[in-house]
Every structure is written in C-alpha cells, then in structure tokens.
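Lettered A, B, C and D in written order, each chain numbered from 1.
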Amino acid sequence: MIKVGIIGSTGYAGGELVRILTGHKEAEIKWYGSRSYIDKKYAQVYQNMFQIVDDKCMDDNMEELSREVDVIFTATPQGLCASLVNEEILSRTKIVDLSADFRIKDVKVYEQWYGITHPTPGYIPEAVYGLCEINREDIRKARLIANPGCYPTCTTLSIYPLLKEGLIAPNTIIVDAKSGTSGAGRGAKVDNLFCEVNENIKAYGVAAHRHTPEIEEQLGYAAGEPLKINFTPHLVPMNRGILITAYASLKKETSYEEVKAAYDKYYASEQFVRVLEQDVCPQTKWVEGSNYVDVNFKLDPRTNRIIMMGAMDNLVKGAAGQAVQNMNLMFGIKESEGLNLVPMFP
Amino acid sequence: MIKVGIIGSTGYAGGELVRILTGHKEAEIKWYGSRSYIDKKYAQVYQNMFQIVDDKCMDDNMEELSREVDVIFTATPQGLCASLVNEEILSRTKIVDLSADFRIKDVKVYEQWYGITHPTPGYIPEAVYGLCEINREDIRKARLIANPGCYPTCTTLSIYPLLKEGLIAPNTIIVDAKSGTSGAGRGAKVDNLFCEVNENIKAYGVAAHRHTPEIEEQLGYAAGEPLKINFTPHLVPMNRGILITAYASLKKETSYEEVKAAYDKYYASEQFVRVLEQDVCPQTKWVEGSNYVDVNFKLDPRTNRIIMMGAMDNLVKGAAGQAVQNMNLMFGIKESEGLNLVPMFP
Amino acid sequence: MIKVGIIGSTGYAGGELVRILTGHKEAEIKWYGSRSYIDKKYAQVYQNMFQIVDDKCMDDNMEELSREVDVIFTATPQGLCASLVNEEILSRTKIVDLSADFRIKDVKVYEQWYGITHPTPGYIPEAVYGLCEINREDIRKARLIANPGCYPTCTTLSIYPLLKEGLIAPNTIIVDAKSGTSGAGRGAKVDNLFCEVNENIKAYGVAAHRHTPEIEEQLGYAAGEPLKINFTPHLVPMNRGILITAYASLKKETSYEEVKAAYDKYYASEQFVRVLEQDVCPQTKWVEGSNYVDVNFKLDPRTNRIIMMGAMDNLVKGAAGQAVQNMNLMFGIKESEGLNLVPMFP
Amino acid sequence: MIKVGIIGSTGYAGGELVRILTGHKEAEIKWYGSRSYIDKKYAQVYQNMFQIVDDKCMDDNMEELSREVDVIFTATPQGLCASLVNEEILSRTKIVDLSADFRIKDVKVYEQWYGITHPTPGYIPEAVYGLCEINREDIRKARLIANPGCYPTCTTLSIYPLLKEGLIAPNTIIVDAKSGTSGAGRGAKVDNLFCEVNENIKAYGVAAHRHTPEIEEQLGYAAGEPLKINFTPHLVPMNRGILITAYASLKKETSYEEVKAAYDKYYASEQFVRVLEQDVCPQTKWVEGSNYVDVNFKLDPRTNRIIMMGAMDNLVKGAAGQAVQNMNLMFGIKESEGLNLVPMFP
C-alpha cells in the first residue's frame, strides 16, 4: 500500500486528489495537509467526504511528512514546494508537485513569468515533466515530478503529434483556451463569485498568462526547435472542463487521413487520449470527472490551416488525475489504477 | 457474471445505468435497448462512452431479451414495462422497472393519477417496491421490482423514521421539492431548453404531480395509517440533484436528541443514507454522482414544527443507482457493488 | 430634478439603484457612496456603466451628503443607517433605508434576531414600512422609509389578500423560499464562489432567518392578529430572482373564483403586481430585470390547503426598484417613473 | 408613430424586438406574426409580456401586413423573407430582414454556404447591409435592410478600424467566437436542452459556419481587398452574449497608442461602440441587455500579433437592437431611440 501525503488537500485540486485516491486500491492517504483548516475534520470542509474520510486536516510539515509517507503531492501555490524540498526529503519520499515550480527548465523564464525568485533551482534539472503519455519512461525513474499545468496538458496533447510529424509551422500556432471556474481555485475573490462568473465569459491574462512559456517549452521539444505561440485563456461559467481550440498553418497540403494517422501514431494505444471520429468536436461534458483528453481536428483548405481541439477535465487529467497517473508510473503499478473513471453525463 | 439488458438505455436514467454498470464487477451489459437509435453505436449517442462501450443500440424486444439476460432494466415511459411483462418473461429473467407501472398497489389510484389503463394489474401484488433501506428482505426474493421514483425516494427516506417513531402528525406533512433538469428527461421540448431553464426557477405540477400518491402510500406504511400530503416540485437550473424540504407538526415537544435517535435507529448502519451533523443542511452538490441520500432536520419550537431535509442525486439513488442496488440484492451479491461512487465536488 | 445620494452604491442593490436611476427622468445621482472604492471611478467597479456614469466613488459622509441631496438611499449592512441618522439629517433630506434597521416596530424583536443593539430606536415609530402597494398613503408623507426585505416583499404580497379576507388560518402558514445568489451580496466569501453555488441547491438559515419576524409582523397586520410562520430560504444557482411557495390551510371550503376575487380586490389596479391566469405558475425568469411581482395560487381540495406562489426580481422589486417606487411616492411624482422595465427573456 | 409588423415574433430575436419596441416612443407594434402560435395570445407564449402586450399572434401574410404597417421585421429562418418580398410590398413598406437572405452580395456564395437557391436575387443589390456604425448613410435611404448576423456584427466592429488603417495583415485573421445559447434559437432540439448545454463547452460548425463569408465580405470592404479568415464559434452555457477573440499579425511594429487612435478614429463619437480602457477585457455580462459592443485589444510583441476582443448581447446589438437602430435611421428619428438600455449586472 502506497502511503500518501497531500499538502494543500482542501483546494479544488487537493479535493480531487482525495476523491480519486479514495477509489485507488494500492494507495492510502495518511496526511490531509491544509494550513487553513488545521485540526478541522476534512469531511467538514468537504462535506461530500462525510462518512468516507474521518481524518482531520494537518499542517504543512514536509519534514515530518516525508518520514511517514511514500509520496507527497503538493497542491499548493507557486513557490511552496520549491521552498520546502531538500535532499533529505527527496531521499525518503517521492514528490509530485502540482505547482509550476519545477515545470520550466530555464529558471530565468520561470522567474520572469512568475515574478518570484526560485529558492531551489538545483532541483529543476532532475525534475521530470509529468506528461505521462510523452515522458512515461522518465517518470518511472523520477523522484520529483513537475505535474503539468491544466492548459499545457490539454494544449500539448492536442498539438504534439502534428509538430512531431512536422505537419504544421511552429510559429503560426495560436491557442484559444476556455476553462471552467474551478481552475481559478477556491480563494474567496469577488471575481470568482457566482454572480460575477455566471452568465458571463471573458478572456484574461491575454498575452501574459503564465502557462505560455510552459506550453512553448513542451511544444518546442515536439517541434525540435524553440517556438512562440499566442495563448489566450477564457473563463467559462461552468465548474469543470478545459477546451482548447488551436490554429496553425499547414506546411503543405495535407489530407484528413495523413493527420489522423499522425494522431493515431502517438495515441492509438493510449487509454486516456481519445482521438474522436471525423467531424466530432470534443466537448468538455463528455470527459467530466474522468482522466480522458478528447482530441480532434479539422482541416480548412480555404486558409490552409488546421484547427485542433482538445477537451479535458481540468481537475482530473489537468491536475489530480495526472498526478495519480504519475504516481502509478513512479511506483510501478498499473498506470490506470484509480483512474478508470467513467465520464459523468449529464 | 450477471447478464444485463437495458430497455431505454439512451435516456438520462438509462445512460446512468450504463455509467454505473460499466464499473460493476459482477455485471455486464448485453443489450443496449433504444428504440430511437437502433443500430447506432451507443457511444455515438453518448460520446462520453467512446472507447468504453462498443455496442450498438438494439430495439425493445423483451421476449428475445429475456432469453439472453438475467435481469432487465426498463428505463422507459409509464406503461411500457406493464404492457410487455408476462409470466414467460418473468420465469426467465428478473425485471427492475424504473417506471411507475408497479409502484402503486391500488391500481385505481395509479390509473387515476397517470390517466392510463394498467394492462397487467395482475403483477402489481407481487412487485416489490424497491426502496432498499426499507424493503431489503422482500427485494432479495423478488423477481419484479418497482424501482421508486426520484422524489418518493428522497422524501420517504427523509421522513420515514419520524413517522415510524410516531413523532409527527401524519396529515400535517408538506413536501417542497426541488429538482435538477435531468429529471425532466431527454425529450426535445421547448420547456427544457437551456434558455428556458437557466436563470429561472418555477413550481410545476402543483397539487397534481404523479409522485404524490406514491409518496403517500409509502409514508402511509410508515405511519401505519393512510395520510395525505402536499407535494410541490420545482425545476432548478442544474443538471442533477433533488433537494426536499419537508414540514410537519410535532405530536409533542421533542428534543434534538430524540429526533436524532430516531434517524440513527433506522440509518446508523445504512451506507447510503447519511444523517448529517447538527445544523448542517444537505446540499445536492455534496452527493452528486453518488448513491447517497443526505438527510437532516431542524426543530422550530416557535411553531412546534420540524423541518426535514434530504438531498440526493436524482439519477443515481433516485433512479439508476437504486436500480443497481436492487439488482445486487436480488442476485445476492454485495449491496454496494458498483455503487461506491464518491460524490464529485465541485 | 430630485438629487439623489446612494450610500453603498457598489453592492448589488446599490448597483441596481444606479441602473434604474440612470433611466429615471426626474432624478439624478449626485453621490456614489462606497467606502471600499473611494476615489475610484464608479464605472471601473461596474464596467457596465462605462461611458454612462463618469463619477467617482465617495465616502459615507451622511452629514455632508444630506446638504447636497434631496434623498439618500442607504444600501448598506444592518446598523449603518441607524447609526448615522439624526434629526438634522432628516430635517434636510429624505431617507430610504434598504437595510433592516427600521423595518421591525418592536425593537426587542429586531435586537434579538439581528444580534445588535439598535442605536436610534427613537426613529422606529416614524419610519414607514415601504411596501408600496399596501402602505402607499403613509409613504407619501414619510421622511424615513424602511425599504422591505426581498423575501418579505415577495411573501407578503403573495399572501396578503388571503389574510385580509380571512380565507386562511394564520398559524398554518409555511413559506418555502428560493433565491438567486445576488441576494447574498458581493462580499468575497467561499460559500458564494461560482463553484460552490453552481450545480447546487441548499436551504440555509432554517428556522432562524432574520426575515422571519419581518414577514410575521407584516402578515400579522393583514391577519389582524399576531401569527407565527415557518420560513425556509434556499440558495439557487441563478443570479437574480426570488420564488416563494407558501402553504396554508383554508378556513373553509373555498372556490377558485373566491380566491381569485380576493387577489383581484387588492391587485387589479396595481401595475406591479400581476395576478396570473389560472394554472400558470410564476417563474422568476418572467420578471427578471423588472419591478413586477407575479403571483398565483392553487387550491388542493385533497388536503384543504392552498398553495400560494410569488416570483420577483430580488434586486428590483426586492430592493432597488421598490426603493425608487418609494422615492417616487415620497416626492409626489408618477409612481412608475423609471420603473417601466420590461422583463428580459431569456 | 411608426407602425411595426414582426414576422417571427415568438423566436428569441422576435421576442427581443417586442421587448425593445415596447419601450420605443415612436413605434408601435401592430402585428405579432408567429406561424406556430396563430390566435394564441402573445403574452401566453412570452409570459414576461403579461399585462404589457394584449395582442394575439397572427400568421405571416406579408401582403396584408405591408398594407397595415410602415416597417416589417422578418425574424425568421433563411429563405423566408427572400421568398415573400416583391416590388409591391417594398413600395408600401420598409423591410428589416434579420435573416441572412440579403446580406451577401455574391448570390453564388450565399447559395453555396446556405445550400438553398435564392428566390429573389434581384433585390440583393439594393439591400443595404445594416451595420449602422459603418453604413449609416446608406441605411437612411434604404427600403430593404439586411440586418447583420450576430457574429459578423461583433467581429466586424472589433476588427474594422485596424483593417481600414492598414495595421494588420488581412489573411492572418483568426476569429475564435463564443456565444450564449439563445443564438441557437427556440427550436426544440436535444442539443439545446439544458442538460446538454449546461456545464459544457464545445466548438461547432468548425471551418464551415455560415457567418464566415459574411464576415469575410465585410472585412474585405474594410481591407480594400478580398480576404479569407478562420472562424470558429463555440457554444457557451449562458443565455445571452457573444465574445469574439480575434488574432492577426501586425504589418509592422505598432504601439498601443497607434492602435488606440485607430479605434478612436472610428468609434470615439459612436454611442454603441465602447473602446475600453487599456488592459480591460470585454465581458459579455457588462453589455447584457444593451445595444453596446465593448471592444479592446492587446499587443503581443513576442509574436508580433494583436489580439482583438469584442463583447455584445447577441439578441440586442446582434439582432433586435441593431434592427431597431436601423429602423430609427430609416425613419429619420433619433438613432438611439428605444436603445438607451443600461446593461444589467449581475
């Protein structure tokens, strides 16, 4: 039984880790960290867990935690994991960091976009970017995983095969993303009140969102060269779900079959990436609550562009689900354990 | 492995049966009945099941179906199950009917409220009302289950202990119910369009809703005498969930502890009925996607009334989940098999 | 031109006052009070007013304000208006207080339910309860209006005629209310975040909501005797709208025509109370953005009860609209000026 | 008083025409056409109009109608207006057609994208494209107005100044659009049911939406040359509102001030186009219920692109509001009459 500690267990991603791990046969949560709710029963914070979880919330003592568990998930704001990690902790326990601290290899880029000084840049090289479908083998051997951001996961998986196969021009990529409101976290802010979000849609972080360099780095690996994209996220009045609509110019005239073959080459044997049938557009509702990413594309010969689409649950494959998938890989158990979640409709 | 056939598998309740049974270890769906989509792949109707269900939709041939499966779920409009059932079928297979056809013991009451003539009233006496927490033993022996309505399930479980213990005056009960829109089904009606339901709330079926006699019958059994209630359902702009708020006059001055003891007497050992802590109000979101009913109450000494509340997912405990729970009981397997669904939040 | 000052202009009710007064031909806002946003442009707080309102937010100086305007609206939390009002201010300006400070005639009841000591109980007797359809003549002469609460407005107008005509038994009244989330205000609280409210419904303040004594007082006047009710509010995932569903026992057998006549007696000539056609249930969407209250009822001979229903926009007739209606009456201008708002659908 | 007839008055755009014209001081609706509800009271179809509109629905007899009214609005599906219009009708009455029949000057393009044969192409040349801010003078003289589509209105107004001023490369334009569900109409379709739309977002009509050629034609006029764009609409779980996010490559390095000056050049004196302050992103909620289009932009020097954003109420400026604005221009009355609608928030 893998012993699990969660730091930040009462945020939305932390809550989703608890939901998923509750159904995981080979893992057991030993530590419900939540600085805001220390000593409060977890099930009083998340009433859905009443009579399911009996534990109380604990503080963030990573030192102590590392002695008690096999793996720590840090579902906390930027900077926290980086400020706590050290060799001693890493020698005793594995870490899956859901924040951005170890996602970007160039620490200057991280510091520029996040506006903070990285306290432990020495661990960046060893951290493995936990996009399971792409870095599976490295993940198996890692002790520190940088769990990918929600937008980067959905975007990278939707575009990756086309860059790998050289079908699209890297610097023409534009990503228009739409996210449910759980992506904004559980902090009490006026902007996230029901009445401000409901019956509304807006772009935010235009040309400035912190996921931009993360996406660029990952897509750059796929392209084999650095690239720059436009990335525009939007806030959608729904709880869960990310949809990305990406545009790129084709390098040359390309048929549906060629593109489909590119997607199938990388995803045909992947359980959690579903390449939809021709002309079926991904919808966030079809993946809600599950670890799937649904991807598809449409060619537009009029403009010589391709439109790529991806839909995902931001809290599952975009956060907690992928984190558990990473844990499964790191511990050598079945990759899908605990993740055979059937999407809930409606 | 229990072989399952579903008639009406593409309605919302049918879809939920598929979702739940997909995760059931001792059952296997053999027949996806759907008169509207015959020969269409099920996963093209419910795209969430893409790469999970490969079957095509079949017609409603109950005769043939009864030769191929061990249990048939009829998730169909009133009258269909009653018109198809016969001794031959029942001799070969068990039936869980999600419609109202066999729920009401007095066929005249059924015919009056539903406005149709019951074609096979002879089976009404043997049909067992499948409210598992109350009729568990009879369910185990049944071959024909009348799966309870969504409102009656939530209402009965919320009030039952107080009537059994004689704490409230039966004819003072008023039930004000609120339901998500999936309860209205997947039929294409203007009234159920997004723009008509969203940002709106209304009562419907006031003093005339068909679940009224079903609730009265069940509560009457608990009270040990016939009773009449007021029942007013409301349509709420959300997909899933039923909340009932019920009012009744106390027979005598009663303490919190006495009432709590009454609830605990009947539910302390029930997995799927959660009696919440004092002053915590049930919320539909806390049970979404799960088979739980959360109940609680509040005494009002000013008026000598008690307010009883219950929250439930109308498609799970209110339909498909309870149907599977009934199946589990009928086949002698673990009652919770396939139903350890953790509520999804947010 | 009536010069208007608003204290608390950046709450939801305050914002609605601005929206309505912007279209009012005989009033002009001179003071946008908002302690939280002093010196910030109002249109930067409420971007909908961009290029419509150019003013900046001001502080809460009621002394100064009373010299500059003819009427002050206080759309502020309980206690503020009561703590600021004095004879000098009232001698110079009229006040419409949207808080509860002057609604309840018995100061002990106020202090008990609100848990605060009333600083200026001496003004309670002169304050007029601004339910325009009922207290119109007193309002015309008032200098201090206690603008009714949202739930009390909808509830009182829905039940009033039946009590006045003696058709229902006062102590049998049960009010089950449902409100959109703007009623919870614009404060940044976790409970009001989009993800907590969306796809959810719950009761709150059960048997303890502060609007209870206000409703009881008003209904008591109608009944001609004190009464006690049960009042249970619910939070609904929509921005605007209140629906109340009320239950009461009929004193004797009563026909549809008798009840309809009672409603018509009081409301036939009222512009803002619409008695719907038989069997049409009020819906909040049908009054959204307008000053209407839609009421209707249904008799249930089975239980000898009547179900009364009322729908209203909580921010208009439930707050800002009624406040303007009161102002119009106080200043002797057309009661409907600025209030001919056509409900917006969808 | 302008006498108005509406064909298709019970669709969402038709209903919005009624809402707006009810508050219009110089127009009066004489004919509520609705083939589906002939002889039914209008206020029974749209209950919000109870006690406001007393008329009954009429059929679609344009011949007769043209004798009774000064202007006809056709808020009907494609092909209807084109099939009914003739010289006699146009000699008696003005027509504002809310369908696409006369929007596209090249009839072959119309027939190709809409898949129908245009019955009266002879009227295409004289029809004026009713985008008021751009074609104001021609509209004043017109007798047949092609009222612009919702997406084309929002898109064209958001991009127009940059093309006119030659700041962006025409063939690099990509438009990612998001619409509330009222844009899908009031037809009873499964895809538009509450449970299918709520908690969901999807693209539709990818690379194939019929508004594409209309946008291309209008942007082509601005650019002074034909152009091709990508246009991808998405369905958002909200009633009203369109947000477009458009991307284009800058022809040369351009400053914020230069772009702002371009917008101001065309819109500084326009009431209904609001160019927002720097870094403020348009939100659909800020324009809900009003005739405003809020536009803004963001430069991305990293990619040398500009991101243009526009938000609008699809039923007002995107349909009925603009139709009334066109009527006002055609009849020489104040352009904003009936349209000083303050956006409703929340």
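Brief remarks follow.
Here is the rule we go by: a contact is a pair of C-beta atoms (placed from the backbone, for glycine too) under 8 Å apart; a residue touches a chain by one contact, two chains touch by 3 or more.
None of the values given here were measured: they were computed from a predicted structure.
Ranking B-D and B-C by contacting C-beta pairs places B-C first. When every chain is reduced to the mean of its CA atoms, the largest separation from chain C belongs to A. One finds 36 Å separating the Cα centroids of chain A and chain B. Per-chain CA centroids place chain B at a distance of 38 Å from chain C. Chain B and chain D have Cα centroids separated by 46 Å.
Counting partner chains per residue, chain D has residues 12, 182, 195-196, 198-199, 237-240, 283, 285, 288, 346 touching two or more of them. Put simply, chain D touches chain A in their complex at residues 171, 174, 176, 178, 180, 195-196, 198-204, 206-207, 228-230, 232, 234, 236-241, 243, 245, 247, 281-285, 288, 298-300, 302-303, 305, 307, 309, 311, 346. Those residues of chain C that touch chain D in the shared complex are 12, 15, 19, 22-23, 44, 46-52, 182, 199, 239-240, 274, 276-277, 280, 283, 285-290, 294, 340, 342-346.
The part of chain C that touches chain A in the complex is made up of residues 12, 181-182, 186, 188-190, 192-199, 237-239.
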